[in-house]
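You will see two complexes here that share chain A, one where it goes with chain B and one where it goes with chain C.
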Partner chain A sequence: MRRIPSWIWPVAVAVFILTLSRLVENEYYMFAGYVVLQYIVLASAWNILGGYAGYVNFGSAAFFAIGAYGTVVLDKLLEPPLVVAILFGGIVASLVGLVTAYLTLRLRGVFFAIATLALAIVLQTLVMNWEFVGGPLGFYTIRPDSIAGFPSYVNYLFVVMLVLALISVLVARAIERSFVGRGLAAIRDNELAAECCGVPTLRLKVFATMLSGGLMGMAGAPFPYYITYLDPNSAFSIAYSINSIAMPLIGGMTYWIGPVIGAVLLAVIQQVATVTISSELNLMIVGVLLISFITLAPNGIVGLFESYRQQRHRRPGT
Partner chain B sequence: MVTFNLLLNAVVTGILLGGFYAAVTIGITIAFGMLDIVNIAHPVFIVMGSFIAYIVNRTFGVDPILTVVMASPLFFLLGVAIFRFYYAAFESSGKGSLRGLAFFFGILFVIEVTLLLAFGVDYRLVQTSYIGPNVGFEHVDLPLRMVIPFVGSMALVSGLHIFFSHTFVGRAIMAVAQDEFALSLMAVDTVAIKQLAFGIAIATAAIAGGFLIVIQPVDPSLGREYIGRVFAICVLGGMGSITGTVIAAFLLGVVETVTSTLFGPSWAPAVSFAALLLTLAVRPSGIMGR
Partner chain C sequence: MTTQKSLLEAISIGKRFGGFVALDAVDIAIWPGERVGLIGPNGSGKSTLVNCLSGATGSDTGTISFDGRAIERLPAHRRTRLGIVRTFQIPLPFTSMTVVGNLTIPLRFAARRHPEAKAAESDIEQALLILEDVGLRDKAYESSAGLTQVEMRKLELARAVAARPKLLIADETMAGLSNSEVDEIISLLFKLNDQGIAIIMIEHIMGAVMAFSQRVVVLVAGRKIADDVTDVVMRNAEVVRAYLGE
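What follows is the complex of A and B.
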């Protein structure tokens, strides 16, 4: 087992999904799969700051919307290729993360949480008042003609999001195992002690916020092309904020796989519930699941699995 | 053209609005400032109070403010119940803050969606005699729908101020806010005191909800607009200080109405965030910070 580098597994799964996407004819699966992948990006990104460092970001929707509206601005100005829009969205979102982080992260984590919550509301106000991107009326994007080598544009978007999901999973994984991840974990466990031991806490927190915000922005950048009509309410939907908190919490926050499990599970439930029941009710499901998991299984599904394994491990010894 | 008259009107309206903001924030001042419980669901409890006022007003024609005052004991019990749950699940095990935050976020969400499913996305309003007429002075027009909540809010806030500074229980709560550990060494049951205080905080949400629906029509997601505002006021006022909260509320109310007079009402929500960030960056301990 040890001889194969373990980053191969996420890559292998991604390649497998890619092949599968070539075989599936029905475009609905691409549409639904895109949302699941998008949530893998958001949940993994949130977890870099929220799970590893213990700083709660309530404004995922804001970072997501920055990416989406970044694309709208670029699309109106010069219609660049999607990759440029994604990079642009990522950079702008991480800069917003930098400013918010620098102003609030020196204080207790609670203030950062509240500031991100307010950030979402204020950016929405800003966009509502910004005529250039359509204001409250929203903005229609015209999808480019299908890209060479892909059966349809939706398929292309799906593959783009698959790559983004793979990148964010690999980034989260790399962070977790590097000195950055250990530093963030030290901050989560006891920030004062970490500071005293020479962990550059502020720098690490700001870095994690920028990275996390940037990935969220990148996840939002293809969204206008996916939905073709973007308005402030859909871009700043509170569903993104709650989902990107609920998914890592339910999956488990200490390992990179946790957000992925949570994202796949919750997003699939929501996709099914939206089709079969109603879209309001599926948000209710998320809320109830979130509350029950934080009270009953605070370490998420991964935590449940681990404690089960530990128990089984212990039994023969004692 | 912004005339002096217009500006004067904006300032006076801002003061009225600020008084109402004080009533909205006082629950956060108690829960967050004194007890260190980050109840981000507070605004949604306020909206819940508004909807109770709406239902009772709609079916029985009872005055909304009277309704919420009657309903506040129920909210007190709700607050006590939530605190017990919160305490048992998070605080007693010492892994509060992050999970507590997510817990209240979940509550916010569940209540909001429940209201949404029950009442839809429409704006709801109440019928009373004081919605509509104005009281006029020389150059200033005061809508009664702002004046009544202002007077009510001031009564609520001063009542709480007297309670916290002059009664035994109130001073016990202040003591918990100051140093919980020292109190527990003196064999005081701090949990019971905190439970009581959190109940009071949620009870004020009901009353603020009654004022809210008198001032403006209410829809289930209105609470979100108030999250930034209440925390901005609470932090600006210096967390646990009632006097600070009132001063900060007036300040934010005036700045907000002047902003919307000068730049248009759609910019008003941005004011609170700017105030919050500025406070955090420049003076995190707030106006009346200890």
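What follows is the complex of A and C.
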């Protein structure tokens, strides 16, 4: 008896969305969908370090911005294809992750969180003062003409982000089920005990930080083409940092599906609110949801679902 | 014993915290399969010595060799993989995991790294066998957060065993347990020793130390004041003074 491998489901959903993107005429949906997908990448990436290992990263915006500005630099120098820019952004961001890891991972709990917040501020200041990428004035990117095989460039960006989201979800899922994920969970529960059980805690944390940062950088790389005008305030927007934390928290941090649920839910609400009410309301919605979930359902939506299922299992048995 | 090579040999271990000398040139050697008691008043440096041997904190001075390898610069997880495994005074279970899940961590990360590892059974099967041994088999699939104190101590020991130690350092595994529970843990430690594991028992309960140890090492104020066969140490005037006063 062969079971259908369960990784087929994320892939199937991605293929379904891809098909939809061909049928939908209105380009606005591509624009909005891109943001949702981008948040799936950010939330899944954040969760590898924050959810699995318990290290709260407040500097997601920094890694995202590294990807975005990596593209700006490449665009000014040699205008490579987007795929190259994405790989470049991912590599640079994971190298910054490596440095951050060595500098900060001896810090536990709230101190690590503050250190990552500081990283974002330091990098933003650096970019502000870097004339080559526009400094505080920002940088205009000119979108290439539409890509062969795609109805429009926005559609192309949407598909690229869809692929990135699928990769992130599959990576997060693979980590969760591998011995690396087990080791990270042991670190989250008790780092000293983990180390004394043979878990190479430092190496695993560095690996998780690099992977998490790299995926965030990849999510940021297409961003300059998406908004066409990139300035430090939009690339380093605190919204990225906050949302990357809020989405896994609301969805549930122990399983890969949690950040996906949180990202879809929160990003869709934000997109709808932006259009219907006001864009200023976004962060307030996040705040309210965050507080309600932390107090009422600390294990997120997945946690709620799980405890409900456990109760149903227990009742008939005993 | 003297003809055999020692398993662990720590020479002149020193550790200071600021101006406080926690360990002052302590020597300790352990032979394969030995049962050693490590005693001393509160604050005498027992736990610091355990931390230095297991790698939880580095030692400032001195050398440690294990199985003929210099290990004083190795991080704790490397030492665990070589076979020095410790338990914690306050049990530190991985609370998000089941009892059996707790054991799969050292089985995967430490035991498999042994040169002589022969994983005929899966990690889960091995974990269940160990739990059978310590009497936690029926709790295997329960959450480790819901265990009683004595069960937590047993889990702590079981998790250490799962790392396939050659030397087990049991740091006050019996503190706060009832007499019958203490007996349970002692017989468990004897059982592990029968399997060839050398054991250092750090303990305040004197009855337990005397019943268990072949040899006793006494620390007072960071210095080793006695290291001999149990009976001899118990008659040592300096030891008696350290424990009972003049």
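By definition in this document, the second predicted complex is superposed on the first by the 315 of 318 C-alpha atoms of A that agree within 3 Å, B and C clash if a C-alpha of one lies under 4 Å from a C-alpha of the other, contacts with A are read in each partner's own complex, and residues count from 1 in each chain.
What we mean here is this: contacts are C-beta pairs under 8 Å (C-beta built on N, C-alpha and C of every residue); 3 or more make two chains touch, one makes a residue touch a chain.
Quick caveat, the model's predicted, so the values are computed rather than measured.
In the superposed model, A:Met284 makes contact with chain B only, not with chain C.
By the touch criterion stated above, A:Ala115 is placed in contact with chain B alone, chain C being left untouched.
Judged by the touch definition given at the top, the superposed model places A:Leu103 against chain B, while chain C stays out of reach. In the superposed pair of complexes, A:Glu195 makes contact with chain C only, with no contact to chain B.
Contact with chain C, but none with chain B, is seen for A:Thr254 once the two complexes are overlaid on the shared chain. In the superposition on chain A, A:Ala186 contacts chain C only, with no contact to chain B. Overlap of the chain B and chain C interfaces on chain A: none, as no residue is touched by both. Residue ranges of chain B in contact with chain A, taken from their complex: 32, 38, 40, 85, 89, 95, 97-99, 101-103, 105-107, 109-110, 113-114, 116-117, 221, 224-225, 227-228, 231-232, 235, 264, 266-267, 269-270, 272-274, 276-277, 280-281, 284. The touching residues of chain A, counted against chain C in their complex, run 179, 182-183, 185-186, 188-190, 192-202, 254. Every residue of chain C that touches chain A in the complex is listed here, in rising order: 54, 56, 75-77, 80-81, 85-86, 88, 92-97, 104-106, 108-111, 113, 159, 162-163.
Those residues of chain A lying in contact with chain B across their complex are 50, 54, 56, 58, 103-104, 107, 109-111, 113-115, 117-119, 121-122, 125-126, 128-129, 238, 242, 245-246, 249, 280-281, 283-284, 286-288, 290-291, 294-295, 298.
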